[in-house]
């Protein structure tokens, strides 16, 4: 993956918050500040997981010390079992000790999202429905978490407010109605974008389609309402279902005619998976 | 809570990643860019929760537009039920629509951590053991997540590598042994800090105490091993237990003589709680 | 317009590059550092123009000194004649003198783009073709220059590489052909985005439409080739024309069936219009 | 040229505004994210130009991917004809595709300024008058644009408000008169700086010279007034002419005795020259 | 004084390095986080001093908490005696406690420089020689320390490498000689700048004057050599003396004909003066 | 030493403040911008000193130009005599000339602190008392100056407000008394930290010890009062002495039973030592 300026900024924030005044345990215990001492450490999965974030993991160490090197790295997207080696890190001992926690914190969270996404995507296998993420991401982590969803086999919804038009209930309330909102949007936005409208009932579905919406977001409808909506829409727009979807109930919504299920749960509520890193005894 | 420079930077990262090119849906649908239009929106809990992060929530809107104002705000630490109002936000409509998701993303995550912490702390009520967090926090969020643990009634372990000495297995491997590591640390560190050593067996406990460790970290021991360690230590050092502790099994470790249980689970694996925000129909 | 983090950063860069060591002329000539002295200055158009950037203009002064105030400001999009007043600025005299050049440099450039755009848009009045900008913007100024195009009555193409898919000749060369590229893109991108393909001849038009392109970019074709392409496309995709379009020749391309003409000339080659600012003699 | 911190910041702003969420077209179309694929692209002039900005051009690609390499680069200041090769860029294909537009946007603008400057400087050949720029530069681009003026053979006026004293009409209005202003400036400023005063008529010329001005700026005078001013000044100060000077009328002002003509037109109103970049078919 | 972007950055660096993880003593001891508690603190001189930096002092507290207010502030440049009140600070108690040390660290250092400068300037009273500073300033503090020199009655040499030409021995070594260096500089630099040359003996003085130097820097000459140099120069250039000047020996160099004595000692070697701040018992 | 993000930021601030508009003397005098010219310069001590900051010194040049290389570098902590070589710097001549002053300004200040600290530490040799620094550091320089104290053989007090609890008179005033403050702190702070209390008389000593303070800070007591306090404390807490300690009077406080003497004088009032750098004549 590409290490963008924003990711570099986030890594710097993370390293600074963890060692603004240096790593005193490492400085104190490795005699002579550990200058000259070189070690190798191995990161290992402590449970089954889909790996994600290996380039961020290595970037953290590189920003600690440009001399750190890596070998036998597994790739993002690989499925690993408990005890599998992930990567070997060789470099100045203090850099390994100082960067370890931050590097693992990135890797554990991103792999957690990829692992969860993969299991959800698998549960829909055979259906024609795609799992997509939302903008409910951890602030500062948008790019990373959306990447983890892709690594896990999921698809991305719009990246941000700047690159997709989703007219939600609050916009409709504030703008006076679906018809006007869609019309103004068509006139305003780049011609490279589609228009999506959140609808809650048959009247809104009707109005949105007439106004020219490209995609309808069926929000918080139960299975029955979704089925009836699909019939009403009849292929005139793409269909996205959203609201209260969990790994447990997602299969209920993978109905024929539902193109996408968006799932706020994927990113903020994924559990970090367990990975550790041990310095090898020379 | 205090909005430090790092929090401001994180908020800016978050707003930038969500709207680097502006909020095109809002710009398109609110006629005339919504200039002059003012709305009020209400944030509400959608499940029971311990509120945390209200000052970050308001700061997000202030950075979108200095004219946004707030009323009827609940305080960090309050227990809310589903449907309870959290805060009323009044200001230029575009600012409310653009800031909503980022503000909620902060509030939902921090409240999720506070809510989880509170339930864990409660389960130890009556014991003499404190629940403490770890450095397994979301990169960029150290300060915020440690704050959320306190709001939930938990205690903080060291904030960073700069303000606590914890000699872990990797340090011991790299430095050649507990005795020398503790001795060098005592000489090197500010006199305001204690020294904690990770120990795995009776020999290490013995060596650490003799070397003058102030705190022992019993890592990945089962209940029996912990009980025997406490007997061996016999009050000569504070005792922290760590490793594989979950909300389900934590009570097993709240043994008399265990001063602290540190729990990596608290911060990276807390589920975001559900909160929404709706613009009121005028 | 919204003053985003990026615009604030650009303003800070500009003020820093112009006065890293302070404004020594002002400090030297206004006795006692001008503390306590307050003046009013008036900005005036020195030629006919479409105003654009008034919020950036005021932000520059606010960042110099929070006490600067404004009155009688004209709005972005207004057409002004030479000598028309634009805004009155009242505040500490040193702030007016120090901020003047930077504030005017923003206003003159943005108004120059809006003015040029308006004249181009006017020349297409009555046709069904829209004028759109490109990514040939001044580095650091993307958001501002795209805003100026809208103020001048033009439309925006995609904002950035993150929010639109435009498969150009270099992508086709590198990826091995249109069909595969479009197919992979449809699978990869958010469902909120359309796919645009650059085509140079009838074969490519045919391949792109079959692959499912939503928009075709006819690059560097003469009028005849464009007419023949429109006939071939026959409404199966939106049509954008690009390449070598100038204010002088644009009318030649406003053919029935051309939905958009994109014009690299608009942003980097617009001439700054002339605006000055004079302190009023008390 | 030296890539200073400010230029790095500007490049980062530019890359971020163009790809905050990544380059989705490239990611989508180059299979497997293009990992391992390496290409060579060639940048070529599409019209006659004076090249400027080659180091910024290469820096953009380096910041995209440290592995990008360059060959056959022409140097800043060289005169090129249409179709001339400028540089060959070899590296990971995604980096070439993602960096292309930003790199070209820098190169086209800076070369545009150098090209315009050279033609203006040429038109004064044989006279004793130098062409100098002003502070009417694109905000964020001061250093780059002043560099481009030098590459085109022009000279620089002061870089910023911190490194030159130019007492203009607004300073005179605010400070109460030329004599006092010059006197206070002489006392206040570093002894390494000269003092320049803007004058509009014979009285002001007289007062400025008596006050000890080193340089007089004759603002917005016609040719006759300039000639008469030179006679009056009679070598007692350097003479700069300014105001309304264009490439067309500049020769009118290159009178014997005029040391400098400053030209606001040079930087904000130079047209970007056309340069493209094509990936070579392997 | 003006709080520029660089000063804000320095203040932010300072507050972050002192409280990245918050002020735990204050949080712990002021019950309930001290919300609602308001105090007044008084800063007092603990020795005689020339005050400098009051605007930085207040800015530190404002950045801690926007509600802090100030009264009875003395002005930069005032002479104070031990026990004199400097300013009263009223605001939320935690903000006072957290900002105190950083605010005082700025004030004590800047006042130390102003105090030292004033005593040196005084010792030259009656002579025609000015005391000027150098570029030997604390990295990050250039603007502040040069300001403090002015507040103490001293004069500034050039602010930075960008706004003054000082051809030193290393330049002469590298460029091949004084004559060529001065000639090239005259051609290259803005016409608003003078040229200064470091000279070490009569031959160099002669060469520098012939080459057209405006100012000569007599480096590390003893009093006798300076006197002889002045005679040789005979008013054809301004004269600056430098090298090994201390508060003790400066009078030896204030010879008739020496326009400036530059003193590296002023900024890096000034002792911080003692100032404290006490919260008033309510 | 480790070059952290904060140090990189400080170096960037320093280089920017010294050459925002480039180094015009170097550009002007080294013909052809010195491209291709390579030189070697040697830094030498001009007085006896303890070297400190060599890694910052080299980092400054690396940030100017990545091609600069170093040889024969002495190490931090080495004692040098006047005329001793410190390091040889080889690289593009312009980079050497531009970076010289900033690099030296860092090295001279840090070596000054190390040199002063060493002499103070030496004067206590044989006693059981350690010399420690304070938070009276130059804003922006906390990490660097604390490092210099260690290099000089001194010890560090807490790094910042986040990693040590020191309950001072202002906290006691604001919180209502020692007993409550210590109790609340014990409950609030990480268990890895000790609690230090500032005391001024026997009553406060008594209260602080009863409340459970780990360390007592005897502030501004004379030798007699210190002796009596030690007797009263009788080993129940560590003892730190502070207030008005200078290199001259420090021996008076190195009484048996005083564990630490903290000395605000060490960092802000250390004189920069003299170091120069000369380009070798080829």
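To keep things simple, chains are lettered A, B, C, D, E and F as they appear, and every chain counts its residues starting from 1.
Everything that follows uses one rule, which is that a contact is a pair of C-beta atoms (placed from the backbone, for glycine too) under 8 Å apart; a residue touches a chain by one contact, two chains touch by 3 or more.
Owing to the predicted nature of the structure, the values given are computational and were not obtained by experimental measurement.
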{"item": "Topological distance between subunit B and subunit E, in contact steps", "value": "1"}
{"item": "Interface sides of subunit C and subunit D: same vs different residues, half threshold", "value": "same"}
{"item": "Length of the line joining the C-alpha centres of subunit B and subunit D, rounded to whole Å", "value": "50"}
{"item": "Separation of subunit A from subunit D, taking each centre as the mean of its C-alpha atoms, in whole Å", "value": "43"}
{"item": "Overlap residues in subunit A, where contacts from two or more other chains coincide", "value": "6, 16-17, 19-22, 98, 142-143, 159-160, 162-166, 189, 193"}
{"item": "Contact graph of the chains (line, ring, star, complete, other)", "value": "complete"}
{"item": "Interfacial residue positions of subunit A with respect to subunit C in the complex", "value": "130, 132, 155-160, 162-166, 189-194, 196, 215, 238, 240, 259-260"}
{"item": "Touching residues on subunit A, where the partner in the complex is subunit D", "value": "1-2, 4-6, 142-143, 146, 159-160, 163"}
{"item": "Touch list for subunit F against partner subunit D, complex", "value": "12, 15-16, 19-22, 33, 94, 98"}
{"item": "Parts of subunit E lying in touch with subunit F, wherever the complex brings them together", "value": "6, 9-11, 13-14, 16-31, 34, 37, 39, 41, 93, 96-98, 100-102, 104-106, 108-109, 112, 135-143, 160-171, 173-175, 180-181, 184-185, 187-189, 193, 268-269, 271-272, 277-281"}
{"item": "Complex contacts: residues of subunit B adjacent to subunit D", "value": "16-17, 20-21"}
